[in-house]
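Same chain, two partners: chain A is paired with chain B first, then with chain C.
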Partner chain A sequence: MASISSRRLAKELSEVKSEGCPIGINLIKADDFETWWFTIEVMGESLYKSEVYTLQFRFDAQYPISAPAVTFVVKDGRQSPIHPHVYSNGHICASILGNEWSPVLSVIAVCLTLQSMLASCKKKELPVDNDRYVRTAPDNPKKVCAHQCRILLAHNIC
Partner chain B sequence: MNSNKLKILLAQDITDPSDFPKQTPLLRQLDSAARCPICADYFDGPVSLICGHSFCSMCIRSVISSSSSKAQCPTCRQNTTESQLRPNPAIEDIVTAWKPARPFVLSLAKHEEDRVAAVSPAPPKKKRRPSPPSPAGPSGIATQATVECPVCSRLVAFEEINEHMDNNCEATDSGKPSSKSQKAQWSYLMGQPKSKGKEKDRADAEDRLPKVSYDILKDKQLKDKLLEHGLPTTGDRAMWTARHQRWTMLWNANLDKSAPKRQTKAGILKELKKWEEERKAQKEKPTVDESHLKTHSSEFRQLIAAARSKAAITECVDAPSGSSPAPRLPSEDDIIVIDSDHEAE
Partner chain C sequence: MSMLFNYVSEPNSNLLCCICRMPFIEPATTRSCAHTFCRTCIVQALGHAPQCPVDRSPLSVDDLQPANPIIRSLVDELIVECIHRPSGCPHTCQRQILTTHVADACPYSPVSCPKGECDQTLVRKDAQSHKCPHTLVPCDLCGAQIQFADLQTHISECDNTTVTCESCAAELSRLDLASHECPAALVPCTQASNGCAWTGPRTALSMHLISCPYEAIHRFFALNDSKFDTIAQDNLLLRHKVDTLQGIIQSMKHELQSVKAALGPWYRPDGVYAYTGPASDLPPDLQPSNASTSRRFSLGDAPPPPHASHDMFAAYFPSETTDTSSFEPAPRFDHASQDMFAAYFPSEPTSLETAARRRTLPAFRPGEPFAGPPAQQHMVAPVNLSATLEGAFAGVRDSVVALATAVDSLGRRADIALANETLRLNDEVMSLRVNVHGLRMQVHTIMMDRNAQVTGRSAEIASDGAWPLHGRLYHTSAPGQSITKL
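Moving on to the complex of A and B:
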């Protein structure tokens, strides 16, 4: 793996370890610079009160130039939250994980964004085209082809 | 499987603003202000964008070249282009001073933290000076002081400045061809490329490499471009293009550093080689999900067909109605090649 991405992730990890995560977010596992897992919980009053979800981050060698692939874990009894921007396979439709990713963002910044995305939800429902998307989506959300994104945009989902 | 690698990496001396104790938030702030928000390392050849945000030259160049549509400032999302990059020597000076001073300041801060922890209930004592500073203390910095010559604005060692000015700003700088011929100065003013003379020393000829439209070059021309800079011509055309692009980036980023910090051409070549090796190692892992391409091949075909029919319409519109027929319109084949490339990405 290119050294820039490893160095940058090493810094992020050492900061997480020395400073701890923001409230509601916990690091469960980070054994290498390819995949990390966090738990995420919405604090305070919200539709997701006292529900704990697991987030998976996958990094490629271009990180932080390219966005990490972030999904909710839906294996081993873990569930993804029911939310209009979260597909039942754990994929998340958030602009900052796609076109609007910026290399100044970090793993913790993404966690916080997702936390607030959940906190601000008004109604628990699946995305409109959930079935169709889940049927065709590849394992890695970053490999969703551009035309699928356009379809999503056309449906006003993103 | 990589946990060994991880331990090694974490054990490595990777510095971070959180090295400073919590009681000194301003020192943390100072340390992170001297770092590029992209790589989280100290600025290396810092450049500013038109919005004022600064990054390492190589970091922001990578961002700009990798963004598919319009490039944006990673911090504020204002549109930006490579031509807006301006070197920021003030930040560079700060980093140059802070890096060697940091261990000393850090030891002071830690000392203070220990002292406070040890005698916290006791009445405040006067701060005591800790044991002598590390070799990289302030005295170490003073010896390399350089000043800008008021006449030619070149950086010259402080002790040599008088001699330098007495000699009409000539020749005190080691190894630099300082007096330009009149012709060279004129061609510089007129924006013409200076005769480069293929000097193999310090890459401080101030010529930035222009952007190249690789698609319009023939194989031979592309090869010549590589040979011009002494780059290898192994691999295929895609490889040559990538190599030349990277070389241009490294070369231009190098020029964003102040002259004494610049690498030699050999140094840049070495970096290019390292990059190619990393790239090769990555390529061995498949990046495109083949099964995905297969299962959706019908959709891709539809899209290609749609694009084709659109292209046919625009061709009709663009076709000149004047006297002479167009020499050769791009054939459908060309368009398809471009399309399928896009889909494969």
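Moving on to the complex of A and C:
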């Protein structure tokens, strides 16, 4: 039900605008209820200190029942962070974006999760199968995320 | 699908569904973890993943129960705006009664045409003033009640619509146009039906009528017309009579054909009959009718040649009469023999005569003096085919009478001959009997003489001759008897 999806997003957007984003997260584009852009920055001491990345949310009509498709933007000079769970094409391997998505989560909650994921990183390195994944990955990360997570689990990385 | 409500004031955050972030609609609470959601939201989420969206504990639809009535009342009593606020409805009410407002009262709710005659959907507040195509509206010109959809068509052909006369350009209503006698209109002459070719404006008609030659004699036309009508009626009557008569002629013609076919060679179309021979012996009561039928065709005492009288009716009887009938008074047997009655009335007199002789001759021996064919046999005349039918019948009758007479005399002669023959035979028998008696007596004498010659042995001879078999049997089979004899 597209109307429920858009009402929910309108509600989230109004909250973001009225209450503001958490520290280190800024809304830079939300022209419609399909694609939103945020900048994300890890505050405090971390490997990614003073590095600003851009997150893209894409919503379908099933939101919030189904998860949004979340990726780092890797075009127009923007880079994805070097992280064991972030592929060089911007795709993110995170359980809450796949199997463990819950309708009670929100856009801001996803941003906070990813912020903490970056903050907790011990070593900046690419995922072990980055080259193979980037060659074959589709545009929408949701279609492969669960499969990739299983691969990463097999490598004891996830 | 539940309505999407707009709440007047910001609802308490405790009443928000954490899936849709709106106040609960039909709230449902999980039994296992006591979380509350909209029923629609949680059912959808469970279809995606069978766990509680909040704490991820396993969950199914069966674990849901209606939320506490207090929660239900709290969300149902939230003040919401009418869903037709974008259209202009300022109404606000409790959420639970908004449905009733929209269905029954909201002036901006869509309703169908109240007259139920068109498919149009309109807003309730406009429904009363709505002019649907079936609404009856009065025509401004004539006041008739016309359906709104037909109004434009009606106005263009309304009787009170102002139209322009084509001839004089006068403005008048359509109703008056029919009775409008335009002076400029082109009209034909009043005598146009009688042949006047004049056509001109109505004003010039009176001038024309003064000089119109047809108008001057219009009384004659009326008189003439009535006469023609009478003649036409008479004509019709006569035509009917002619048709009837033609039908009668046809039937008579058919009857005549059949009569001709029945009469065969005795039919004479010219009425010329040769009363010859036995026909003159007819009883007088038969002759007048025959004569009258013949005179019907003869047209007077001096009859015209047969061909002429025949030609008079040739047009009516064009069929085979000209082929089969001969107008020659002389009889023609070869012609008649080809007719259908030839089998019954053989035309050759010699064949008839020999046939009669063949029938009568075998009763007599050729040499008998009284067995010759009687002279009356020659009187059996052939059937006279040139005579009338009655004449032929009379001839046949005479022949039959002569034949009967001949048969009668023949029978008498036969009787006499038979009696004579019987007497003669009797004499023969008597003489033969006498002869036989004489012979018997001679045989008797011879036998007596032979008996006298063999006297003494007469008994043995008689026994031997009369019973030779017994004697031989006696000698062979009875030796005891021979012994006795010895």
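Rule of thumb we're sticking to: the second predicted complex is superposed on the first by the 143 of 158 C-alpha atoms of A that agree within 3 Å, B and C clash if a C-alpha of one lies under 4 Å from a C-alpha of the other, contacts with A are read in each partner's own complex, and residues count from 1 in each chain.
Definition applied: a residue touches a chain if its C-beta (ideal position, glycine included) is under 8 Å from a C-beta of that chain, and two chains touch if they have at least 3 such contacts.
Small disclaimer: the values here were computed from a predicted structure and weren't measured.
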Touching partner for A:P138 - first (chain B), second (chain C), both, neither: first
Which superposed partner A:I96 touches (first chain B, second chain C, both, neither): neither
Touched partner set for A:R7, first chain B, second chain C, both or neither: both
Touching partner for A:S18 - first (chain B), second (chain C), both, neither: first
First, second, both or neither for A:S66, with chain B first and chain C second: both
Per-residue contact with chain A, leading partner among chain C and chain B: B
Set intersection of chain A contacts, chain C complex versus chain B complex: 3-4, 7-8, 11-12, 62, 64-66, 100, 102-104
Chain C partner contacts - residues on chain A that touch it in the complex: 1, 3-4, 7-8, 11-12, 62, 64-66, 99-104
Interface residues, chain A side, partner chain B - complex: 2-4, 6-8, 10-15, 18-19, 30-34, 61-62, 64-66, 100, 102-104, 136, 138-140, 143, 145-147
Touching residues (chain side chain B, partner chain A) in the complex: 1-3, 5-6, 9-10, 12, 14, 16-18, 37-41, 59, 62-63, 66, 72, 74-75, 77, 278, 282, 288-289, 292, 295-296, 299, 303, 342-343, 345
Touching residues (chain side chain C, partner chain A) in the complex: 1, 4, 18-22, 41, 44-45, 47-49, 51, 53-54, 56
